[in-house]
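Sharing a structure below in structure tokens format, with a few things to ask.
The letters A, B and C name the chains in turn, as written, and every chain counts its residues from 1.
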Amino acid sequence: MGTELRRITEGNHGVARLTPAPDNGGTFLGMPKFQKAVKTELELNVQRKNMRNATTTIRNKRALRVSESPDWEEVREAATEIKNRVSRHLDYYLEQAEKSLTAHGVHVHWARDGQEANQIVADIAKAKGVDEVVKIKSITTQETDLNEYLEEQGIAAWETDLAELIVQLGHDRPSHIVVPAIHRNRAEVREIFLREMKNYGRPAPEDVSENPPELANAARLHLREKFLRAKMAVSGANFVLADTGSLVIVESEGNGRMCLTLPDTLVSMVGIEKILPSFDDLEVFLKLLPRSATGERMNPYNSVWSGVTDGDGPQEQHVIFMDNGRTDVLADAVGREVLRCIRCASCINTCPVYERAGGHAYGSVYPGPIGISLTPQLRGVEDPVDRAMPYACSLCGACNEVCPVKIPFTDIILHLRHRVAQAEKADRFGADKEGTVERNLMKTAGWVLGDAKHFEKVQIATRGAGKVLKRPLGPIPVPIAERWLKYRDVEVPPTDTFRTWWKKNRQEGE
Amino acid sequence: MSAQQTEMSARDTAARAEIFARIRRGTADITDKNPETDTPINWTYGGGIEMEDVVGTFVQKVIDYSATVVRVKSADVAQAVVEGLKATGARMNTAVPAGLDADWIYAIRAAGLEARVDDPQLSKETLNETEAVVTAAACGVADTGTIVLTHVADQGRRALTLVPDRHVCVVLASQVVSDVPEAVQIVKPAVQEGHPLTWISGGSATSDIELSRVDGVHGPRTLYVIVVDDA
Amino acid sequence: MTTIPAAASSTATLDKPGGGMTVGLFITCINDVMFPQTGEAVVKILERLGCTVEFPRAQTCCGQMTTNSGYFEESIPAVKQYVKAFSGYDYVVAPSGSCTGAVREQHPMLARETGDTGFIREVDEVSQHLYDLPEFLIDILGVEDVGAYFPHRVTYHPSCHGRRFLKLGDKPARLLSHVKGMTLVPLPMEEQCCGFGGTFCIKNSDMSAAMAADKARHIRETDAEYVIAGDNSCLMNIGGVLSRQNSGVKAIHLAEILANTEED
């Protein structure tokens, strides 16, 4: 039945490819840093409206489901402790997981970085002689850019999660870690399905409307032939249970179950921090994750499997434990707290900056508070994109409140800003003009604020400005204030400071 | 194949050693090497939630996922299975696990539907052309409206409850617990024996388009639950 | 830190709950230079409630501008200066949730960067005696009704640092509920940040402006004459946008509302 694998040039920048080419090569390399990228994103009115509606919906759903949960704070605390235990004793639990998995017939692999992890997947595919794989949504494989690597190796990777399908067929990049197509509305999804499905498999029904159930049905039909045909699947994992050697996938649509059940070979690429010590710990995380992620009491499907089961599911299984910067995170006693993250995205959904910027402006598959706390730790703070990330935050602290594993985001973000400032100071070359201006300003600030006499001298200067101007400042080109005045008026400083008032009216106080 | 395997394992050995060395370097500040004393966990495992009517809550929460729930006496289960199949729109056939209650299979056949027993295993193409599946369950969770399958003989392998579009599932009232932790303890022995688990909360669904929940994508789009009260 | 609500002093009375109490005023740099009237309002309220207010002239700033930019070393002088100005005070009050949060949370963290154990101990002690105005009035003095009068339609924006880091909760609302003549209208999406964020508004000026514009829109939806907040930095941001829009809505600090009486 159905269609066959073929190479398509249409929409792929003139290159004949098995899968749709993401625009901009699909990677975040060479993109502008957040401050610049966000200008473009802010002007996308449709996207901003989509994002506002979607994040408002999910925030309210989450709040409702959390309010139903009588022991929410206790569960959060337990989850925090469990994940801390794993991070602090990661070698112990990884060894245990490896042993349990191997005992259940799983081939365990180790990858120092994304490139190594991708190679392992491709080598397995080649050994099995397959030219396509079906994929469960996995941000870990996006972190390593697995799909593009496989395409280069002549292997088609089909995304089967609905949102990932929308992103893949839309030549797009994910903008959210739970709902990667959050920036798209139903009309855009319909257009993408009609235009692209026919090139890569079963076409969308010609009369498909923008009604979400019809769009979901189009995805069902399009992917069914791929599920039935696929010999190999690639997944991530939400959790790895060290004592029973079980992997856990939490999902909604059943595409995960298809991938975990129908193919002969299953490869799971897992970050080394995804371990939980014991099967019992599942109770804590299954109480937390669905309510935090999609605002449901429980998501439709959870799959738990412990290696190979006779007569049920893939008879060849591989688990790749990947580092890719995670041990650098672990080595930072402040930063390591982000390794507790269970990728629920509640911080992202509540972030006012993310809501307006969308996920693409950050320059990482991990956007929002978790993205800016994790990415510069995984990749380091050498690149301007990574250096800009910790500053894409107004420090409002909304993320701290919702995180199910109590990651102190704003503390970590400050800590990373310090790392960036240190790195910029150490850079003798390559600092841009803004960086130099900022460094001098900060040095001056230290001098001003460290002594009341210095402070008062500066005040005399501002008071002078107040005497001269005596009117609200409108949009005038004052160099340092230009960015402020572009959007806002500002009252001129009053002619008297509080200090002066105090001296005149209270005559005391030293 | 074998050359590739050897090469892969040499690479794995080197990568593994380096990752463990990095981890040990990165956690050198942690002096207590006993996880349990170093990081205590203040949580009582396996606890439940106080609720007046556990089974009633379960029924309501399953209905909240827009699934259908009926409550019957044990003597009426076979009849309820047939009615469930018809109510979900199965007209011709259904898949059944080999260990399903023989009375139910008998009733299905008596009602004129073909009962396709998964022994020998039905091909995935056959499953794709089968209208429904009927199974028992391992456990129900009231707080979340979840059914847990351990895929033992009366529940069948995982593909069976996945590929057909309608799932008629029989849950005994005595299998329903208040909250997730109790369920985890109930299914734990099956996991220790190597069985996989599937937790089902309503039919297949997605929230991927504008975050509004749409029922029905790849898994069974219709879930029909029969709760057996006196068992 | 545990606090003893109300009548911490033996000379306190019902209408002068601060009687016999000496309070250091941490004005904060932005209020000192840009919003002296807010400082004057705090002095007026505290003195009305019987407190003796002192203004240590050695004070400068909480150091947030440098700290939040990642320049921790450059912030240490501000921390030292704060300790110099306020050590020995049992009660220090600031009209700012943000600067209060910075002193109580960031100063101990910054002190640790120095590795100087004596200094760390000193900062741990001194920093914890600072209160944002609503905390001091409710938790220390035990008053909600400060005798204020403000016959206007207003809305209140709960600034992020007060709301989330100090966990002010309903304290500002409780104080405002006793202001005579005032109509307090709920602000839609009040929990969202106004986009100020210190240097954020310069570093990410376009994003900051988008956030401020949404905040201004929600404020205008309330038809309030005034928007109140506990931080002049946020108010400068919100008020600047409201002024650019010629909205007629004025931004005003909570202290100025609470200081205003029928006699004024």
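To be clear about the criterion, a contact is a pair of C-beta atoms (placed from the backbone, for glycine too) under 8 Å apart; a residue touches a chain by one contact, two chains touch by 3 or more.
For clarity, every value in this text was computed on a predicted model and none was experimentally measured.
Farthest from subunit B, judged by the mean position of CA atoms in each chain, is C. Closest to the protein's overall CA centre, chain by chain, comes A. A separation of 29 Å divides the Cα centre of subunit A from that of subunit B.
Between subunit B and subunit C, the centres computed from C-alpha atoms are 53 Å apart.
Rounded to whole angstrom units, the spacing between the C-alpha centres of subunit A and subunit C is 34. Shared interface positions of subunit C, defined as residues touching 2 or more other chains, are absent. Contact with two or more other chains is made by no residue of subunit B.
Of all residues in subunit A, only 50, 53-54, 57-58, 70, 74, 77-78, 81-82, 84-85, 87-94, 104, 108-112, 116, 120, 123, 126-127, 160-163, 166, 179, 181-182, 184-186, 189, 212-213, 215-217, 219-220, 223-224, 227-228, 244, 246, 252-255, 257-258, 260-262, 272, 277, 279-280, 282-284, 286-287, 290, 294, 296-307, 309, 311-313, 321, 323, 327-328, 330-331, 333, 336 touch subunit B in the complex they form.
On the subunit B side of its complex with subunit A, the touching residues are 1, 4-5, 8, 11-12, 15-16, 18-20, 22-27, 29-30, 33, 35, 38-43, 45-46, 49, 61, 64-65, 121, 124-125, 128, 141, 143-146, 151, 157-159, 162-163, 179-181, 183-185, 188, 191-192, 194-212, 214-220. Taken in their complex, subunit A has these residues touching subunit C: 34-35, 38-39, 42, 352-353, 356-357, 390-398, 400-401, 411, 414, 416-422, 438, 442-443, 445-452, 455, 459, 462, 472, 480, 483-484, 486-491, 493-494, 496-502, 506, 508-510.
On the side of subunit C, the complex with subunit A involves touching residues 27, 29, 31-37, 39-40, 43, 53-61, 63, 65-78, 80-81, 85, 106, 109, 160-161, 164-165, 191-193, 195-214, 236-237, 240-241, 243-244.
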